[in-house]
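Chain naming follows the written order as A, B, C and D, and within any one chain the residues start at number 1.
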């Protein structure tokens, strides 16, 4: 295992400490609960939007905390759901009279722990509701889920809800928006390599030098099938068709397109993929209103990428265009 | 070689096409010369700031084109300098009565080709000057350079000159600022793995499973020495000491800190490194005014990172804080 | 009819904790046949904390006590068992927040709330070969005694342990439909469900702890 | 004294291009001893384009012609040779932009400008074992004839080729201090410098192309 790591047991804690040290004004960090939240939150006039799943998917979701995005994130260990008390503390500290919205990617562990924390918080009179994101079209059920998995499409739910919350939307309004985004967003990914959780020290799956995993999950869960390595355009075509036909999208749709790197793939390659995705959109009569090329939801250092399409309407276009800021400085 | 690539000979062209397709309003793309420039340039009231070196270092430098940053970039093939006519066309198309500033990282190929293009442009009466960046403290001369190499510190020269140019600074004023930044910025990197240029198809150097290259260059050039893999904090300490002692920095300095990923290292690990860098700054009495954690100057999919320190004064603090925008959408 | 006191709950939880720790290896072995061999370790991790923190646990009411147990379990037990057991204790605790003693009817309601909580949390139903296939018969047995003013609580406990023990053999040849074991499908046929064995063993150990002779013996790992 | 015409330059460049193409493998072999074995391929890539584009080259003046050659060379030749040869042609071209014939004095000035350009571009000085160690003696030899009204241009060319050829053996045991070869240090001792060999071979081939019997023969790859 070749990684920048000290004691693997402290990997997540040290990463969070690094994020906190890098954003002393914007963020607060509570090490006991892996909790990162905005220093100016909770705001009594705004619904708090929070998320917490396994670590290893950075920048999702701890680096999505900031104005117009998440108010807090409570990550678990690498690839494991945050324990119930992390979830509970997150809700409790972010509790606002306007409510708390928990955005959950559809994994059994995340769902069960958050559900339990929500019940406990509700029993104390906290106004909290949750929404489940399941944008991955690759497989119906999986080793980690009943139903589809939640992957990079998550970003769009956060962005839209974050923007609406900033404008004062109610909790029910946010649930409606989350529901709308989730119903219009579809993703599929592909892995070229495996990845190695620091505490495990070994790759989470084996893959041949000439193989790819089509439809891979962000914890390395099996996808649709193994295939031989093929040209970038052919890979995009397969992802695009799976995503396009699932909703299905149709000619005339206005869309946002995301090419998300899984961690080990350089941005140069992501633009090679975007080029083909843009060609396919044009061919299918889709108008690309916004595009996102970079890392949004990763699997540690896995080489690979996912393609996401989101069908837009004027409300969503407006929400995606709203100002936002994240805890990762770019320039 | 496991990469998203079609015909390796088209890798750079397809990446550039992807960048252009992703930024149809902001950018113009001239395929014959690998030229990416701002659609609203040249501006007769502003010095044009341009750069062009080998590809494979993305986001440097094609993805640094945008308001407050570069006006144009003319990359060569992966790890090779742009040919003279690319450089010449870039200068010619960006020529402004206020002048053109070419920022060159100190590599022999880049220097020779740009110098020649500058001579040709000057012979036609274009007002163009160049500045050489050499922030890498690892080695004095190298396989690609006479003198130190120019690496991630490049970003700060671009940012400061881009901001000042936007405010109307003269060409000589920009040369003064570039000189100031370059004299105050120091970088050293470390590689955990090698990387594979698409057209080469093989790693550019061999490195053992338990080895690291301390002081590596961004084209895989040898650094100071091979070492055994060691804890993240120990690696940061070595980079930090090399950088700190070179200027040398001193207690009371106000600094910008950059942890730059070399391409294959996930952002979670970069924050583990930042944590230690921040601790070391504190211990040495440095005040971190701004920090940058992410990818700024990469080597394809190489796993590794570099640490940059920049000593600030009020002028530089102001220039770094100025608004800027790049051609890569984050959210 | 006698009431069930906080002290009874303390005694029961203490016995259950001992069950979990004594059977750490055995429960994991059971989980290895068709599951991922973590059940014993998971359960023991949680109950070890219960034991360690024993003296500091909130004892202001039965509910407060159970909610504290719920928190420890959910926090320290991995896999599906954390939220499932945590939910069970939480639901039961919520119905007894302000009580220091409860009736058999209260207990039946708490157990029902726990069962519903487990079903809601993990989506399992009766017949899926999970610990619900022990807990539901136990709850049903207790219900039989509710409203009988002369019911002997010790007798109820013995009967509850008996039906839980019966569940082990009764469900052995079923196919597991929940948790990691469900991924191996038919491989679960012929192997007792670790969750059911754990419930039965705990009830039998509680019997012994309060001096009730159990009807039969589930296991002794 | 005779002038040197655009047609002379055309003939010389054509011969040099043929030299580069004929010696592609040989020049790379020379570069493989101490360098990175790309010199022959690099040079040929550039001169191949010169040949292919031959009919469309700008012939409005000697300078325009040389600037066009400069552009093609810099664009198509890799390694250090692209900017070095490109600069040489550019500097020479800039001094003859509006001329269709030049004197020997002009030629000497153009060659000096080319040498200065190469030095400025690559930082090499005389003695670094580069093509400068052929070009500088050639320029000096030409300078000897400047101002001699009865100098025979064919004689000057023969002498120039001769000093370039001598440079091969004279510098063979030097240590290369520039380009890739300098990285291998002492390994360059005993091997002729590929750049010097190329200059000498080209001058000898130009002699032949214009019917001048060269003083000696550099190589025939």
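A few comments on the model shown:
One rule holds in what follows: a contact is a pair of C-beta atoms (placed from the backbone, for glycine too) under 8 Å apart; a residue touches a chain by one contact, two chains touch by 3 or more.
Keep in mind that what you see is a predicted model, and the values were worked out from it rather than measured.
Listed by label, the chains that touch chain B and also chain C are A.
As a whole-number value, the distance joining the C-alpha centres of chain A and chain C reads 36 Å. Mean C-alpha position of chain A lies 61 Å from that of chain D.
Centre-to-centre separation between chain C and chain D, using Cα means, comes to 92 Å. Averaged C-alpha coordinates give centres for chain A and chain B that are 29 Å from one another.
Taken together, the touching pairs link the chains end to end in a line with two free ends. Applying the touch definition to every pair of chains gives A-B, A-C, B-D.
Listing the residues of chain A that touch chain B in their complex gives 2-7, 11, 14-19, 21-22, 55-56, 58-59, 63, 69, 155, 159, 192-193, 209, 229, 231-233, 235, 263-275, 278, 290-295, 298, 300-301, 303, 305, 324, 326, 328-331. For chain A in complex with chain C, the touching residues are 80, 83-85, 108-109, 112-113, 115-116, 119-120, 123, 143, 146. The residues of chain C lying in touch with chain A in their complex are 71, 74-76, 78, 80, 82-84, 86-87, 90, 94, 120-123, 183.
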